[in-house]
Amino acid sequence: MKNKVLDINCDMGESFGNWKAGDDAAVMPKITTANIACGFHASDPVTIMSTVELALANKVAVGAHPGLPDLLGFGRRIMAVSPDDIYAYIAYQVGAVQAFLRAQGATLNHVKPHGAMFHLMRQDDLVEAALDAIEDVAPEAAVYWPGPLGREPFTAKAAARGMRVIPEVYPDLDYTSDGSLIVERQKKPVAGAVIFRRVCQVLTDQELTTSAGNVVPMAINSVCIHGDGPNVSEVLDAVHRAAAECRYRVAVATAMPVAAE
Amino acid sequence: MKNKVLDINCDMGESFGNWKAGDDAAVMPKITTANIACGFHASDPVTIMSTVELALANKVAVGAHPGLPDLLGFGRRIMAVSPDDIYAYIAYQVGAVQAFLRAQGATLNHVKPHGAMFHLMRQDDLVEAALDAIEDVAPEAAVYWPGPLGREPFTAKAAARGMRVIPEVYPDLDYTSDGSLIVERQKKPVAGAVIFRRVCQVLTDQELTTSAGNVVPMAINSVCIHGDGPNVSEVLDAVHRAAAECRYRVAVATAMPVAAE
Amino acid sequence: MKNKVLDINCDMGESFGNWKAGDDAAVMPKITTANIACGFHASDPVTIMSTVELALANKVAVGAHPGLPDLLGFGRRIMAVSPDDIYAYIAYQVGAVQAFLRAQGATLNHVKPHGAMFHLMRQDDLVEAALDAIEDVAPEAAVYWPGPLGREPFTAKAAARGMRVIPEVYPDLDYTSDGSLIVERQKKPVAGAVIFRRVCQVLTDQELTTSAGNVVPMAINSVCIHGDGPNVSEVLDAVHRAAAECRYRVAVATAMPVAAE
Amino acid sequence: MKNKVLDINCDMGESFGNWKAGDDAAVMPKITTANIACGFHASDPVTIMSTVELALANKVAVGAHPGLPDLLGFGRRIMAVSPDDIYAYIAYQVGAVQAFLRAQGATLNHVKPHGAMFHLMRQDDLVEAALDAIEDVAPEAAVYWPGPLGREPFTAKAAARGMRVIPEVYPDLDYTSDGSLIVERQKKPVAGAVIFRRVCQVLTDQELTTSAGNVVPMAINSVCIHGDGPNVSEVLDAVHRAAAECRYRVAVATAMPVAAE
């Protein structure tokens, strides 16, 4: 049955040196793809190495999660960067993660911009620079972006280039009436029952009801989980139960076919 | 004629953001291999990108020049690092440089440890970690090390693994009576005539006379130049004249065959 | 004669570790106040120490030149920072420079925000945070800002608090028709004769003619020089000659009296 | 009664940006002096600001805890630094912490070198540089060092200069037969009953029995607690109970009088 696969992705490897973040060892067995921080907003070479090993040991596909060079701000502060900066920052970080994969005989599954780099991807020239870098350095990799496909420049341009795009939903975040993700720094725990209902709605109807009561289109093939959320275990269980309920197999996403414009 | 090729290598891309180091544009046309800083002791993603482009435009082979994570000390301060640190630092930095090469359809020529990381390569466990990283991440790459071959753990172990080793000579530095390189931070200009004489001696006799009058074995196939030296242009001319005088063709080194032990 | 003193200020200590910037030793004897980088956008502890010593040996008054935490971008990239960030970044950097002054029995003359931190000072909440930090940590210090006084929130608010404000002119930069400084990253050399004429106009008429032909008010008591400009020596000579021509004594600025609103 | 005061010091403010370390809010009310990380091995300007405020709100005396510039290694890796480096690193960091104290009308209580900087203090020239920096920048500050007084160069030289030295004991660590502290990176929880017994022995007999059965002199006036230890609350209670049992008042240490040599 086509497309009846649900991918679960999560940011991983966000420790830095002596500072630990998240319980990667507990989360890794329950996800299918890991977005690994690359050393600019979080992580460091030894952390990347051990996180790649942990992912592969759990048969989790590895993606690069590049960010802005702002450890102090966890890559969450918008910085005035140029297209050359974005190209080079992504190429550098993706190449670094690929090195640890190559050492294990594995390849990169995807690239997903982090934090403020994600927010900068509304600027056309920066989007083109980012996609250039990904195509040049990791032509084998898919890209992840909050769904639905083609609503924003990143997925529209990526699809136009023939890149594999994996649209994703954040079941613990809210959306605006036009379907944009509302990113909040302070994560409030969302009960497992709510997560279950939202994921079921998305999988069954390809729609999501916002907290304001709007119904927005939400055709996706991945669910993004926050590994540092206060009730991550409950959330993960709810996603797995929703997938089972809706007869989706939990596995690494293949790209959703993009309708010709 | 076997082995009648002389390689000229030079550290390149040692700028950092707004701070410029060396005149890479002037030096690049006169060398055959570039050791590109990788962002830990010097350089940054945009600098690596433009340095790789400059090298390729000049048909210069690109190597990675990984260092310790110490921008403030230019990677020249010994730090107490573990084998895991060394493995991960090298894998990360080599992977980052490879990304910019891949984007240009090129591959990595070699790896050469920088500064204090070079000095740490007298510790057996760190040498093994470094060679593991290079073999795992860039099996196609040669390694550079001051000659002659096999005198120090790095080249002995690399050769034993069947890695391609390029021994090099520093014609502007002095050597101890047992043939060890004496690294000095303050570069004193060495006259072109002296450089010419030393390179000729090395190419003709595979020996070098130290300033103390000792004659040490010096079979090499690369000459290392300091791009930030006060008279780099004079030095480069002298090396090229010495190569011509001794009927060596200046070209990227192939590895010297290692005698079976 | 009141106010017939001309101060010359210049950014100093912008080296970082192994990377050198500017010829501080040549410029220091010809200026009266130094804006010393504090380690966030440039400089490092050893550089601050030697720059403070160089300034004091030349009887130059020392100011702190705090910037955003962005060494890679030389503090020139706007970052989304909060008032708490600005307060803490300034307090930290000012305190660090004060330490080296205290060690020499000297005190801080002034504070002047650098680069993107300067540009952020159009946001009211960030201006208040910056002024709070300066008053709390260095109540003895003046603040520098492009003149004329009170045209922008920084000087208006500083004056309202009773802080000493030193308005300055940049004779090698252009101004908009409403008197705003146009900051350009690539410094074009401005001939000494032009500098001389501009400084004379400012000192004589308290006005400056922009390149578009507008005449803007420019009552100042300091001239800011770029130490890394291509013809800094020519510029410094022109400023000194202009001061002599207009019968100003070159000395550390005392604050200009602020007219009651 | 002279000297019947027991000080309890603890490293505080070891978070960095988004990464949190230790539960400072829980520990602060139970200690008398805080060693605040200064941004080189841990902490950042906003963290220092809030930690200083937390300390003062709890009437805890604030010390600076300077470290080597190695965030990635948490300042625990020995680096080859010069006396100028040590002087400037300490001056810079102490000045930064003093700024936040000055803003609150408070002054610095003490300076205590962290991690690898602590270990480097066995090198005479580095000890002199460190003491110079402390005397020059914070003449009002005491210095902390594992007791007993005068056994190591740091306390011997500090006492010879007339500086106030506070010797301290680590009740959760072991000591060698000659009284040297054995620093272990992995903290093993030591039961409250053991802590109680050790502190009582120290307070009563000015001696400590090592795990090997040696009795070493241990005249101290501060106890150092690890805020990130697994059972910090139990340890703190044990120290307070031991102080009560031995009739010591828990308060900020005044320096122990140094016997004339």
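We just call them A, B, C and D in the order they show up, numbering each chain from 1.
Methods note: contacts are C-beta pairs under 8 Å (C-beta built on N, C-alpha and C of every residue); 3 or more make two chains touch, one makes a residue touch a chain.
Just so it is clear, the model here is predicted, and its values are computed rather than measured.
Compared on C-beta pairs in contact, C-D and A-D come out with C-D as the pair having more.
Look at the contact of chain B with chain C and you find the same residues on each copy: over half of the numbers used there are shared. Look at where the CA atoms of chain C average out and do the same for chain D: the two points lie 40 Å apart.
Rounded to a whole number, the gap between the C-alpha centres of chain A and chain D is 43 angstrom. Residues of chain A in contact with at least two other chains: 44, 72-73.
Against chain B, in their complex, chain C makes its touches with residues 15-21, 42, 44, 71-74, 76. Chain B makes touch with chain A in their complex at residues 39, 44-46, 48-49, 84-85, 87-89, 91-100, 102-103, 133, 136-137. Only residues 69-70, 72-73, 77-81, 116 of chain D touch chain B when the two sit together in their complex.
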